[in-house]
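In the part that follows, the structures are each spelled out as C-alpha cells.
What follows is chain A paired twice: with chain B in the first complex and chain C in the second.
Moving on, here comes the complex of A and B:
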C-alpha cells in the first residue's frame, strides 16, 4: 500500500493537482510515525511511511494546511474522513483546497498491547491475514491481530469512507459496532463505583494537553483553557483529581461534534480511556435525540444545535440522574 | 471601583413576613463596593423611588441593587428611577427575594440567609455591569390575526377600523369558527348566524383586512414590531380569484358520501364543497382525500361544469411571506374527544350526542333543517337528558378529563333545555348537574327561567351510566343528590356537555411564537389580572378561548381588548431596542456556525474578515457578526459557542460566573 500511495502522490504533485502532501513520516522508532507535509517526490521517497502503526488522524492538520496556497493532498483512513466532514461543516477546513485519497484500513496496532505480549525492540510490522508479523531486534514474531489492535479498531464503527476524491484499495461498510459496551458497564455501576473508576483514571492526568491538541473537534482559535478571561484557564491543580474538570469541560465542548475517532486516548501518555467520556455523550445523544453520527455529512444540523418538536425536555436531566 | 447602593424592599409583609429585611440590609453593607444599604416598606412606591434617587445623588452611586420582587415585575420601574437620577438604567440589578425567596420559604432564618446570598450575587454582578445605550427599531404597521372565529374577526375589525392593515389566517376553508355552527346565543337567544355573518362580511369587505382562509402559519421569525411570518396556503384545487361560489360543482359532484365536518358528521357533503351558505370567502374547496379525480384521475366533472374555469387539479400548496408588527392568537377551542367515555355510550349509540351536535340538530341550516329528530331513526324525541360537566372539573388523576371548568356549558345547556321545551312542549327535559354556574349579566335570570317558566327538571347529581336498550331508548342511570335517590330515566336522546380544550394547532404555534402555555395548552397571559390579553412574549396578544374557556360576550370583549393593545403598539413609529444583545469577540471566533444554528431570531451572519496576526502576517477568517436590531438577547449563542467568543451585554459570561461565585462563597 505504501508504494502505491507514494506513486499516486508523486503523480498528483507532478501534474500540479496538489503542491504538497500531508502524510506520515518515519519516526525515531518504527511505531512512532508522525504527521508531516512532503513537498517533493524526493521527500516522499525518503520519509513517507504507511503501515500498521501509522494511526494518526491527519484531518486536524488541514485546518492550518488549507489556509496556505494551493491544494494539499491528504491520505485519510475511514475514521479520519468523519473528522474532515465535521471540520468542513464547521467551516474550519476549506474542502476545496484539499484532495483526499481515501485509504482502506484494517485497524492499527497498539504498541502497548504488543509490549504486553512480551515484544521488545520493535523494528517494523506487517499484516498477514488475521495476524501481524512483528519484526524485532530478536527476530520476527507472529501475533493475532485481535490481541494487539488498538481498542478503537477492535470496536471500529465504520470502514466506509465518508468523503474522498479518490480511493486507494477498497471502500468498506459501516459496522454495527459494540463500541458502547464499556459505557454501558459504567452506567450500570453505582455512582460511587463510577466516581472511583474516574478518580482512578483521571488522577493520573498530568495535564499535558495532548488529548486536546490532537482532537479534531478542538480547533478553537483560542481555547478556553488558554484564555485568561474565561475563568477556567490553566492554574496549578489543588489536588490530583482536579483535572477531571478539564476533561469534563472538554467533553461538553466537543459533545455532538465528536466523531469518536479515538485520538484522545491514543495519544494519552498516561493511558487514560478518555474516549469513554465522549462515547457516553454520543450514546446519550443517540438515546435522547435519535441516532446521530457526527461527520457523516457536511450540512446536517447536529442534535445539539438543532430544534425539533420531538426534542427531550430539560427534565430528562433530573429523570436520568435518579439512581 | 463601583459605588453601590443596596435597597431592600419589604413589599409590605410579602417579603418582610419571611425575610428579616433589616438583617439583609445590614449584612449586605459589608459587601465590597457597597456604600449604602437600606430598607423600605415599598421600594416601588413614590417614596421608595425617591429614597433611591436621593441615595444615588447623595452617595454618588455608580450602580444599584434592589432586593425586591421578580425583575419581570419592577425592573423597568427601577431602571426608570435610576435614569431619573442620572444613572445609566443598565447599572441596576434586581435580586429577586420575593418570588424566589420569601414566597417559597416559611422559615425566617432560611429565608433571610437566602435573601442575603441573592443580594450578594446581584452585587457581584453589578460590579461588572457597564452602562448600555438602547437603540431603536421600526414598527411594521401591520397585524396578523391567527384564527378566524368570532375572536379573530372582532380583533381584526377593530384593528382595521383604526386604520392598520390586518391579515387573518384561518385553517378552515371559511372564517366564522365555532360561532357559525351555533344555533342561538344566550342569554338573549338571538340567532348566531344573524349576528355573526354580517361581521364575516364586514371583515371580507374591509379594505384593510385580508383573509387567508384554508391557510396555516408555517414559520415565525423576528420580534415585536418586526415579525416575519411564512403562511402556507393549502391547495384548494380551486382558483379563488375565479370561483363565484355558484355551487354548480357542488351539486354535480358525484362523490356525495363525505362526512360533513360543518354538521359534525351528521350528514354528508360532496368531495367539492362550500362549508355553508354564508361561508367567507364563498368559494369551493376540493377535498383531495375524497375527490375521485384526485384519487383515480378519472371524473373531472366539476371542471366541466364550472363556467368560471376555476377548477385546477394541479394546484399546489403555496407560501406567502409577510412582515407584521404584532400577532394576535385566536386559535379557539374544540370539544374534547369522547371516545373514552364508554359509560355514556357516546360511541355505541347515535342518540347520544354532544352539545355542539345538538346545536346543529336544532339549526335551520343543519342536517335536519332545524327539526329536532333523533339521529338513529329520525323520530321526534320525547324524553331528553342533558349531562353537564362531561370531562370538565375532573380529578387530576382521572386522565380522561380536564381539571378546569369549561365555563360555557351551564349556560348553553340551560339554553338547549329552554329551547327544547319552548319548541316542543311535549318533551320532558332533564339536566344533570354538579353546580349551575351563571356568573354573567342576565345569566342567572336566564337559568331560572329555564327552571321556573319552562319546567326543565334540574337534577343535582351525575349520570353513572347510559345504556342503549333493545327498544331503541337509552336507559340513563343517575343519582339525585338532593332527594338522595337513584334515578333511572328512559330517554330518547342524551346530550353530553363535553369539556372544551384548546385547538390542537395551539401547541406548535406557541413554540413558533415562543409564547408560553399552561399545562392544559391554554396560552398564558403576561399577568393574570393586569395584562390578560397579552402574552409574556412581546408583540404576541391573546384573543378568545386560546387563553381559557370563554363565552361569546367575554370573547368579544377580550378580542377588542387585544385589538386595543395591538393598536397601541402599531401607532408607535419605533420601539426602544433591548441593548442586552449578543456580540462576538472576533479574535476568538472560529466561524463554526454553531451560534447561527441555535439563534432563533436569525440575528447572526458571517463575514470573511482580514486580521493582523501577531507574527505581522494577515489572515482572512470567517467570523460571526450579530445584528443588534434582530438579536433579542436570549443568550442561546453564548452557550453554543465552544470558545466563548459570544457574549451578552448585561449578562456576560464573567457576570454570570461572578454571581455563581458569590452564591458559592
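Moving on, here comes the complex of A and C:
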C-alpha cells in the first residue's frame, strides 16, 4: 500500500495537480507516525509511511493547509472523510483546494493493546490476513487482529469513503456496529455508580488539551479554554469540578458535529474513554431528534442548529434510565 | 460542646428570560405570591442565551439547583430562541445525568408573563425538590465554598 501511495503521490506532484502532499512520516518510534507535509518526490521517498500505526486523522490539518496556495493531496481513511465532509459543511476547509485519495482501512493497531500482549521494542507492523505480524527487537511476533485493534476500530461504524477524488484499495460499507453498547451499559447503572465511574476516569485528566487539539471538530481560532479571563484556561485542574467542566464543555461544543472518529481517546495519555461522552451525545441525538451522522453529507443542518415544534422537553431525562 | 444544626436552605439560580419569565416573576411579586427567598434570579435576554457553561458555573459558585425559565414554545420574543434552548438543555441535562449528577438539580420550565402563579408554584416545588436532595456535592468546587 505504502509504495502505491508514494507512486501515485509522485505522479500527481509531477503533473502539477497538487504541489504538496499531506501524509504521515515516521515519528520517534515506529508506532508514533506523525502527520507531515511533503513537497517533493525525494521527501516522499525518504519520509512517507503508511502502515497499521498511521492512525492520525489528517482532516484537521486541512483547515490550515487549504489556506495556502495551490492544491494539497491528502490521504484519508473512511473515518477521516467524515471529518472532511463536516469541515467542508462548516466552511472551515476549502474543498476545491484538496485532492483526496481515499484509502481503504481494515482498522488500526492499538499500541497499548500490543504492549499488553507482551510486546516490547516494537519496530514495525504488517497485516497478514486476520493477523498482524509485529516486528520487534526480539524477533517477529504474530498476533490476532481482533486482539489488538483500537477500540474505535473494533466498533467501526463505517468503512465507506464519504468523499474522495480517487480511491486506492477498496471502498467498504457502512457497518451496523454496536458502538453504543458501553454507553448503554453506563446508562443502566445507578447514578451513584455512574458518578463513581466518571470520577475515577476524569480524575486522571492532566489537562494536556490533546483531546481538544487533535479533534477535527474543534477548530475555533479562539477557544474558550485559551481565554485566561474564563477561569478555565490551560491549567491543570485544581478541583474535581474543573475536570467535569472541561470535559462536559469540550464534548458539548462538538455535540451534533462529532463524527465519532475516536481521535480524542486515541491521543489521551491517561487513557480516559473520552469518546463515551461524545457517543452519549450522538446516542441522545439519534434517539430524540432522529438518526443523524455528522459528516455524511455537506448540506444538511446539524441537530443543534435545528429544531422541530414538537421536540421533547428536557424533563424526558427523568423518564429515561434508572434512578 | 453543642453544635447548632442549621436547617439546610438550598441556593437556587433561576435564569429567566427578559420577555416572559422575568415578567412572570415580577407579576408573582406584585400579586404578593410567596416563593422562597433563596431563588436568585438572573435575567437573560432569551432562554437560548443560556450557555451550558452558565449552568455549570452556577453549580461551581455554590448553586444547589439551576432552573431555566423561558417563554412557551411558539411565544419566543425572537421567534425561535427557546426551541434551540430546549434541544441544548435536553442534551446538557442528559449529559449531567450520565455523569451521575442528580437529575433533579436541573430543570427547564416555560413561564409566560401572565403566569405569576405558575412561577411561584414552580419555584416552591423546585426548592422543595432540591431541599430533599440536600447540598450539591457532586458538582461543587471546594475553593468556592463559604466557610
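Here, the second predicted complex is superposed on the first by the 301 of 323 C-alpha atoms of A that agree within 3 Å, B and C clash if a C-alpha of one lies under 4 Å from a C-alpha of the other, contacts with A are read in each partner's own complex, and residues count from 1 in each chain.
Going forward, contacts are C-beta pairs under 8 Å (C-beta built on N, C-alpha and C of every residue); 3 or more make two chains touch, one makes a residue touch a chain.
From a predicted model like this one, the values you see are computed outputs, not experimental measurements.
**Student:** Quick check on the chain A-based superposition: chain B and chain C, clash or fit?
**Tutor:** Partners clash after overlay.
**Student:** Determine, under the contact definition given at the top, whether A:229 touches first (chain B), second (chain C), both, or neither.
**Tutor:** A:229 sits against chain B, while chain C stays out of touch.
**Student:** Examine A:309 and indicate which partner it touches, taking first as chain B and second as chain C; both and neither are also allowed.
**Tutor:** A:309 contacts both chain B and chain C.
**Student:** Looking at A:186 after the superposition, I want to know if it touches chain B, chain C, both of them or none. Which is it: first, second, both, neither?
**Tutor:** In the superposition, A:186 contacts chain C only.
**Student:** Of the partners chain B and chain C, which touch A:213 in the superposed model: first, second, both, neither?
**Tutor:** Neither chain B nor chain C is touched by A:213.
**Student:** Between chain B (first) and chain C (second), which does A:300 come into contact with in this model arrangement: first, second, both, or neither?
**Tutor:** Once the two structures are laid over each other on A, A:300 reaches no partner at all.
**Student:** Which touches a greater number of chain A residues, chain B or chain C?
**Tutor:** Of the two chains, more chain A residues are contacted by C.
**Student:** For A:251, using the defined touch cut-off, is the partner it touches chain B, chain C, both, or neither? Pick first, second, both or neither.
**Tutor:** In the superposed model, A:251 contacts chain C only, not chain B.
**Student:** Touching A:2 in the superposition: chain B (first), chain C (second), both, neither?
**Tutor:** Neither chain B nor chain C is touched by A:2.
**Student:** Based on the superposed arrangement, let me know which partner A:92 touches: chain B (first), chain C (second), both, or neither?
**Tutor:** The answer is first: A:92 touches chain B but not chain C.
**Student:** In the overlaid three-chain picture, which partner chain does A:198 touch, first (chain B) or second (chain C), both, or neither?
**Tutor:** second
**Student:** Out of 2-10, 20-28 or 92-100, where does chain B collide with chain C after the chain A superposition?
**Tutor:** Once both complexes are placed on chain A, chain B clashes with chain C in 92-100.
**Student:** Can you list the residues of chain A that meet both chain B and chain C?
**Tutor:** On chain A, the overlap between the chain B and chain C contacts is residues 224, 304-307, 309.
**Student:** Which of the residues in chain C end up touching chain A in this complex?
**Tutor:** On the chain C side, the touching residues are 52-53, 56, 59-60, 73-74, 80, 83-84, 86-104, 106-108, 138-143.
**Student:** Mind listing the chain B positions that touch chain A in their complex?
**Tutor:** Listed in rising order, the residues of chain B that touch chain A are 508, 511, 587-594, 597-598, 600, 606, 619, 621-622, 640, 642-645, 653-654, 657.
**Student:** Please give the residue numbers of chain A that touch chain C in the complex, ascending.
**Tutor:** For this pair, the touching residues of chain A are 186-187, 191-199, 224, 238-239, 241-242, 244-245, 248-249, 251-252, 255, 277, 280-281, 284-285, 288-289, 303-309, 311-318, 320-321.
**Student:** Name, in rising order, each residue of chain A that touches chain B in their complex.
**Tutor:** Touch list, chain A to chain B: 67, 89-92, 219-224, 227, 229-231, 253-254, 301-302, 304-307, 309.
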